[in-house]
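To keep things simple, chains are lettered A, B and C as they appear, and every chain counts its residues starting from 1.
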């Protein structure tokens, strides 16, 4: 453990260009995918929670199933679809950061939808009764509902960011862990582990955890402000 | 103002059946009855939040304000909550002062106590005039002092704005204090209606008598 | 809520620290107890401190003709009988043949061959790869990259990638001609499968059997100026490693097959890659036939007391072998890197 910490510090201090590249790729993939998932997932989650429409229950069951999808299955699916012989071969997306982001969005969005749906389904009826009682229109009703949701939007974002940064199965399949291009922290850790470089793997793991901690501290401070 | 007759069924069980009713403007009509008599359902149907079995509104062409039993505090300050229903800050301040929550104006509405939240909700619904104003147990969470102030405010509103005011209450003494007319419900059935003095002191129906006796009045 | 979040984070960190704390003495500790038969041999118990690791595993058998490890280049055929996941034919698979040919021609040029042949001597005091005497040689002009053929996808094995050979050679090629080479590295089996899915322009692997199947299936093509699809240009040796005490006596074995037979006979622990890699394929071909060991888990279910199918990379397997005093078949390049790094790899 001691040597791993030393190695982690050494790695950071050395500003090893490959490490920096891995870090920036990781940041790009995690931030883009979690923010995209947020943009898609929050409106859908609010819709599922606030509205009653035919097929809603079926969609919710599907969504819960997607939450449980193993990342490696998602990765495999994308690998097959975007392979040189797959139906989407003309897009030339396999082993690119873009496809890694798309795969992660597919993995994360259901989580955000689930979290938002649970919260909104709990809050919306009481809020709606009051808003309609006051004679507010639908637009104002939704504005107030979104205002109620800010805190849980943050919670769901924290969750999805954590999933994105910890995820390895999908990004390894879809990105191919190509050095200088699609290698992220988790795939690098896996690679070092396979090579038997456990100390280096743990050092990278420590850096990953510290980064995750940092992001979480920032976000939870912001979240704390919101709840006031 | 006259409502249409209607009935309301949940899962095949009829929970409320009412004949056409008169709701005079400028007067307070109290709806009383024991728990489960259908008072709140009546309020929701009047407010258009719930639909009757034939899906037709029982009132039309009027603006309706409805204060639910548990009014929802929006995630913002008490003052902003009240200002959601009209921009008139001086009126908001006046209402808050009357109900004794002006010192809580800047505090988050989510952190108000039950009584404070009920007073905030009452201020909020009174920010602008409605043709029909329905208040579902507005004072239940309040202490006696606030209740009396709120009742005064409610009566004042009905007189000044000339709106039809429906007050759902389980408190017969409250109905006696401020209601002009009373409608009695029991197990989803209409029992009787009339001037409050007449109904509450010389009820025509046995069920009303039982209800009043039960509450020791 | 905030409190809960931070509490959970603290827990996660604590858990991570606890796990890391134990990992200097890895999880294999349970298996570390040497078998009683071996206990007599080692005089000193190697004290396993992080900074003073003595690698006990050493090369016991090498330079046996049966252990030659041939590396071949194969260009992917753009006209291959591509099929999608459901077996339906696919016609227009984008393969960068020009780029593949450029890289192959450079690797087989005088410059490329010299770089490959000299790689590793400075660092390890030994050459990691040798050039074949009958290697194909290229003198073809290498065209500079254009926008369409700039990106070259090379699917290769972990042993080549982990040895650092490509990281050493490719930047020179990229700098000079303007190409960009993407290296996908996995075991030979997966690497070839990746190419069959149309995701590689050329492959660099080390399993003759699988290469020949790849060619027979029509997935490779002959590039201009070459005579065959399979361009076997360099080699090194697989080496049989094990504890220096060598309880099975493989050092004195007549040949590698006899050595493997001795290991099986004495049921001495053996770490198998078990991942369909070139090394795994080679290892499978060295066991006495009557044992019937194949890539199928079913085939070695009776040997689990000594035959360990690790299903992981070469380096991780070497660490395991070191911890368990086990025998292992490895490519020499990876083993030398392993020793040079005091048995911790990297």
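Note that in this section a residue touches a chain if its C-beta (ideal position, glycine included) is under 8 Å from a C-beta of that chain, and two chains touch if they have at least 3 such contacts.
Owing to the predicted nature of the structure, the values given are computational and were not obtained by experimental measurement.
Think of each touching pair as a link: the shortest run of links from subunit B to subunit C has 2 of them. Distances from each chain's CA mean to the overall CA mean are smallest for chain A. Ranked by distance of CA centroids from subunit C, the top chain is B.
Chains A-C form the pair joined by the most contacting C-beta pairs. Separating the CA-averaged centres of subunit B and subunit C is a span of 79 Å.
Rounded to whole angstrom units, the spacing between the C-alpha centres of subunit A and subunit C is 33. Averaged C-alpha coordinates put the centre of subunit A at 47 Å from the centre of subunit B.
In subunit B, no residue reaches two or more other chains under the touch definition.
Shared interface positions of subunit A, defined as residues touching 2 or more other chains, are 151.
By the touch rule above, subunit A contacts subunit C in their complex via residues 1-4, 79-80, 83-87, 89-90, 92, 94-95, 151, 155, 158, 176-179, 181, 191-200, 202, 205-206, 209, 213, 216-217, 220, 223-224, 227.
Taken in their complex, subunit B has these residues touching subunit A: 44, 47-49, 63-68, 70-72, 74-76, 84-85, 108, 121, 124-125, 130, 134. Against subunit A, in their complex, subunit C makes its touches with residues 1-2, 5-6, 9, 12-13, 16-17, 20-21, 23-24, 26, 50-51, 82-85, 90, 92-95, 153, 158, 162, 167, 182-185, 194, 197-199, 312-320, 338, 341, 344-346. Of all residues in subunit A, only 126-127, 129-136, 144, 147-148, 150-151, 228 touch subunit B in the complex they form.
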